[in-house]
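Same chain, two partners: subunit A is paired with subunit B first, then with subunit C.
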Partner chain A sequence: MLSAFTLHQPVSVTEASEMLRHYGDDAAIYAGGTELLVLMKERLVHFAHLIDIKQIPGLSSIAVDDAAGSMSIGSLASHRALERSPLIRERAPLLAEVESQVANIRVRNAGTIGGNLCFAEPHSDPATLFVAWDAHFTLASAGGSRTVAAADFFTGLLETAREPDELLTGIDLPLLPSGAGSSYQRFKTHERPAAAAAATLWVEDGRIRDARLVAGSVGIGPERLPATEEMIKGQEPDATLFARAAELAAASVFIEEEGFESAEYKRHLIGVLMKRALAQAAERAAS
Partner chain B sequence: MTTTTRMTETGTITIDATVNGRPVHATIAAQTTLLDFVREELGLRGAKRSCDVQVCGACTMLLDGTPVSSCCTLAWEAQGKAITTIEGLSAHGSLDPIQQAFVDTGAVQCGFCTSGMVLTAKSLLADNPSPSRDDITAYMSGNLCRCTGYWRIIDAIQLAGERMRDKDGGS
Partner chain C sequence: MTNHTYTPGGESIGRNVPRIDARAKATGETVYAGDLQIPGMTYGKLLRSPYAHARIRSIDTSAAKALPGVVAVLIGEDVLDINPYYGHAIKDRPLIAIDRVRFAGEPVAAVAAESLAIAADAVELIEVEYDPLQTVISIDEALAADAPHLHVTQLLKKGLFHGLGDFNLDPGNVCYHHSFARGDADAVFAGADIVVEGEYTFPGIYQYAMETHTTIASWNPLQDEVQLWSNCQHPFLVRAEIADLFGLPQNNVRITVPWLGGGFGSKSYTKMEPITVALARKARRPVRIANMVDESMVTTRRHGMNAWMRTAARSDGTLLAREVRAWFDTGAYADNGPRVVATGADAAPGPYRWEAVKVDSWGVYTNTSSAGSYRAFGASHLQWAGELQIDQIGRQCGLDGLQIRERNLLTPGEYVRPGGKPLDADLIGDIRQAAANLGWGTPKPDNVGRGLSVGLLAAGAHPVSTAFCRMEADGTVTVYGSSTDMGQGVRTVYTQIMAQELALPVSRIRVIGGDTQITPYDRSTGASRSTTLAGMAVKRAGGELRQQLLDIASREFGLPPDALEIRDAAVWHEDESRSFPDLIKAHFGMVGGELIGRGEVRPEQGSGSYAEGPVFWEVCIGGIELEVDQDTGKVRLLKTASVADVGKAINPDQVEIQEMGGIMQGLGNALWEEMLFDPQTGQLLNSTLFDYHIPTFGDLAVEHASSIVENEDGPGPYGSKGVGEGSLAGAIAAVATALYDAGVTIDQLPATPERIWRAMQKERME
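Here is the complex of A and B:
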């Protein structure tokens, strides 16, 4: 059973931010509720004030800015909306593919992309993908707004760079140019993935110009693998290179001991999944 | 501070919605879940409480045709919406084609997951009238059954889809 709370329904970001500042630790932002209500029901957290931000207009839009080469996604867009958006399917199909596999159909209907990211659960599929995709997040408060790179947003287990009076209002996703490709691979036997790997490769004149490689679900949040990135930069994308890179990724990734699977097994999975992610990203970069 | 909210000073919210086509007006505590509202206040017990953390699907209801976990949905979120529970599928005295297909293929064993399975299948077939087995598996993956092994549930949904298409095409 849920304990009683006071519901607030602000109609602007400024109003919501002022409420957050006023109620401090007694308040939580409420949108889809898919993570929050579960924790409240299990008595793991209690908030006397829920601030329902769904009345704030304009936070669920999905649009492409071709001049800027990016897609903007409102934080209140549901997983299901991202999965089905014709614009995302056409211009960022990997995001639609990943979103179509988040949790289950009911969670995707209710849960918002912003809530997923702000909760910073280490098994989040979009969090891992967005770090590999170099997405940027807009955080807004009554005092103004700022932009944070996805890689800097996730600061620890269930922790983010969002200040208590800030709202995540939007996601800015760069549209990959031709010659670039991205992939997300995961393995799961239970509700949440046991391990995930995301890779984005920028290939120029037959060589990897830049790479962003990220391990997900095995640590305290999405983890970039800089040593592995350096290893493949300047190289020709091929299976031998990717096998060596996957080995290094598996050896160097931080593993948090939790869940159903052993650390050794999760390390093994990162190697397998990173090899697949690299191969698919390279294939997409070439197409 | 002044705030905007639908909640009254006593912590209640009024909700106007339809349940299986019937208008419902109620005043409820803000923290009431849709599952508790429908089971305890309205007395419709077809939706089951099982995992209570939106993993199993036994409490599935449709809100404007869309499946939700009623155990983790606040009832007032259904304001202005059409709530469909399993009781609404046979409201006119005959089984829905999906229910009939579950009976005909033997897709029901203990029955605890069945109302959620049928409602999720209803939403799937409304969206995709001729799903492949893979489509069904993907869409239904959040509805757990610990008896059947799923095979006959997939058979039932395919059969229901065929019968519904035949009926639409033949009319």
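Here is the complex of A and C:
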């Protein structure tokens, strides 16, 4: 049962930012509403003012800049739009694949990618993927805009680097060059994944030049695994290496005690998923 | 793949008549309880206890009452002018908390307001002071010698429909004990070649229906009349309890039952009706209380269970004896616990030829939400444990799952339990069919398991149903029955039965929903009884009407009735016919009047008691093929097989869909669903569908194969017997046996990936 609130519909980022500054803690940004409205209906949170940013033009575009080697995605693009975008399917098929598995069809139709990232729910699929992909986020306010790396954006449980008067307006996703491959593996028994692992590998001359390995859903946010990345850099991608890497990933990952599965089992799952992610990323890098 | 072994003879029976409710449901026109607007209706909202066990020191409702738009606030002291305790088995539950709460979620106050938002705001303004008491959340805690007692059991009164013999409770937390024994179990176990033994845990499960419990009550103070619109499965039992609680004559209580958006037992017996009536009585306005999902989840659930079981056999695979002890967690109030305990015990030995059996089961009070009926109750709890032990014995004897069952299953006419009805089904034929559907014996990889299961469920409940039908002057017919259509399609089946009896097209027949002031008595909608018993009453009503038509035609033709026949909506003598409207016009002398047929089902011998029953044994067959991820323990379902032993399929499509639905829920019970109560606070931790996974289409097996067995050996119309529950219990057990075949011995459900992974770890260590 929703309590009463006032809905504001700004038509520019500046206007939205000013409203956020004006109402402070009494306001929340409302885009897809798939997280916010659930909490408000349950009366777990209450905001007297909802700033509906869906009227701001230009925030749901999807485009590729070949010169820059990147894709830009507007924050108001729905999960469903990303899942079905021919451009994403062609140029970043893994993102389409991951988006097609987010939550359920109703959430994917209404929920936006920006809302998902700003809510910083630790089980977010795209958040984990974007850290492994070294995506950058654009934050804008009445005072200007700035860019933050995905890995720096997620600062804690349900916490981000976004200032209260800032809007996440877009995502900059580097397109993987030939010789690079990425994979996202998750394990799920309920609505949210119990564990996830994302791996991006850059392979040159039969050796791993660079790697970004991320564990998701088991901690307070996406967690990069630098020791495991270091272990595989310069090595030949093979099953033995990946088994050792997966073991290290499982041993080093931070596990938050919550949910249905035990910490021990989630740690085990990270190992299994990381091994599978590494194998698939290497396979994609080679193809 | 569907094997229909029966060729339909009639025009309507055995045909896939489309559901009469399909169009309205698909277009959203169906009116459910929550769609009804009663003039002057207010909106109710409940304040529920955050404590699992506490004394209520004080309740301050002044701020809530002062909120504009609040019509009434109800608390325990408002119902002290009546005896506010109810419960069809045991009168242990106050309709609203009185001085004490016994589970987290128990209603402590109820607000009626002009809008739901106002009611919700008002609930937040009610101040309650609690003195927390020691809780007993688990069965073990409840049975401990120093456990606090939830009830003064010696003082509890038997409910109106206890139905299970003597009622005499010892002090403590046990609300019911059921036991039986045959043969000398100890001696047989001592001399057996093989004994398998295990302890088993079954979770509390919510009978998730899309539509939550929704009740509208209206109290007319001038005449002391109560009218209810409630999505209940058993309107006549609810009527009796409401009349009893509020001291009203039964004919002053009217319950109208709209279409239900699923029941599965969650809406059986009395649930939200008493508190809604009490609030309407105080408000002097109609009021609607509609649960949210988390509220329905603490309104009723399936019993959690702990059990110990052992089975003895000879080395050649001949089964000898089984001994079972099971403790069922019925929560804070008994609800249907005693009957669940009794049927669970009866189903525990399984349909095998034993030299000795010894079964004890207990219903145990705990400080959790109360547990009642859920589709296939009884068989669901212990069939999986029993069937797992059968396969464990089989493996030791070198017999596969089919061979050991063929060797030991009962045959028709043998006794299932001491006394009562002997077996009325061909179980060996059924299990062979299930095995065939599963591709039994074909090669498969090591990480793939195939499992069979067979069990029996005491079905039918008390055999009392009545029905009548009216034929209007134009020859159309309306059927009056009180079985609730909760998605199982019972109104369509009654249409077919009446069409068959009167040789009418189904389009000429209308079936109206249950309304205790209009439709005649039916004991309940559950226990797979609606086609078998209420359907038989409908058939008899149609038969009586048919006889009236023949009698009128006999006068008109000047011929004895046996020279006449009914076909094609008319009475015929050779090639001369009189239509039904013609006959009615001849009878009444005008284009008017109507004929009324009446049908009744009651015990054919004895009193129809549980001990003398059941009406029939519902067959619970399961067949599953699954693959286990060796790294994670995750199960992928490859194939499900079902065998519906229904005597006669009145509507084969509906039988098959019932089977599929039962399997789907059975998979949920076996693999995913589990209500998690905080061991300290007793609060339900997974009260939303985020955290409580019910099966979705994506969870179903890659393939499904079903068969319908029609031996016309049921007590229902045309030799039918009920369906819809057996496949649920069968599926749970087949998951357990399939996992065993894949190398995983599970002793706790649901078989989550983590539990399977741990079982595999253990196996690898050994």
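Heads up, the rule we're going with is that the second predicted complex is superposed on the first by the 287 of 287 C-alpha atoms of A that agree within 3 Å, B and C clash if a C-alpha of one lies under 4 Å from a C-alpha of the other, contacts with A are read in each partner's own complex, and residues count from 1 in each chain.
What we mean here is this: a residue touches a chain if its C-beta (ideal position, glycine included) is under 8 Å from a C-beta of that chain, and two chains touch if they have at least 3 such contacts.
These figures come from a predicted structure and were not determined experimentally.
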Fit-or-clash call for subunit B and subunit C when the two complexes are aligned on subunit A: clash
First, second, both or neither for A:229, with subunit B first and subunit C second: neither
First, second, both or neither for A:125, with subunit B first and subunit C second: neither
Comparison of subunit B and subunit C by subunit A residues contacted: B
Which superposed partner A:172 touches (first subunit B, second subunit C, both, neither): neither
First (subunit B), second (subunit C), both or neither touched by A:99: neither
Which superposed partner A:7 touches (first subunit B, second subunit C, both, neither): first
Which superposed partner A:107 touches (first subunit B, second subunit C, both, neither): first
Partner chain in contact with A:269 - subunit B first, subunit C second, else both or neither: second
Subunit B versus subunit C as contact partner of A:83, first or second or both or neither: neither
Which superposed partner A:18 touches (first subunit B, second subunit C, both, neither): first
Contacts on subunit A seen with subunit B and repeated with subunit C across the two complexes: 1-4, 191
In the complex, subunit A residues that touch subunit B: 1-11, 15, 18-19, 22, 33-34, 37-38, 41-42, 55, 100, 103-107, 109-110, 191
Complex contacts: residues of subunit B adjacent to subunit A: 1, 3-7, 11, 13, 29-31, 33, 52-55, 57, 60, 66-69, 72-74, 120, 123, 138-139, 141-143
Subunit A contact footprint on subunit C (complex, rising order): 45, 116-117, 120-121, 124, 631-632, 634, 672, 676, 686, 689-693, 752-754, 757-758
Interface residues, subunit A side, partner subunit C - complex: 1-4, 43, 187, 189-192, 260-262, 265, 268-269, 272
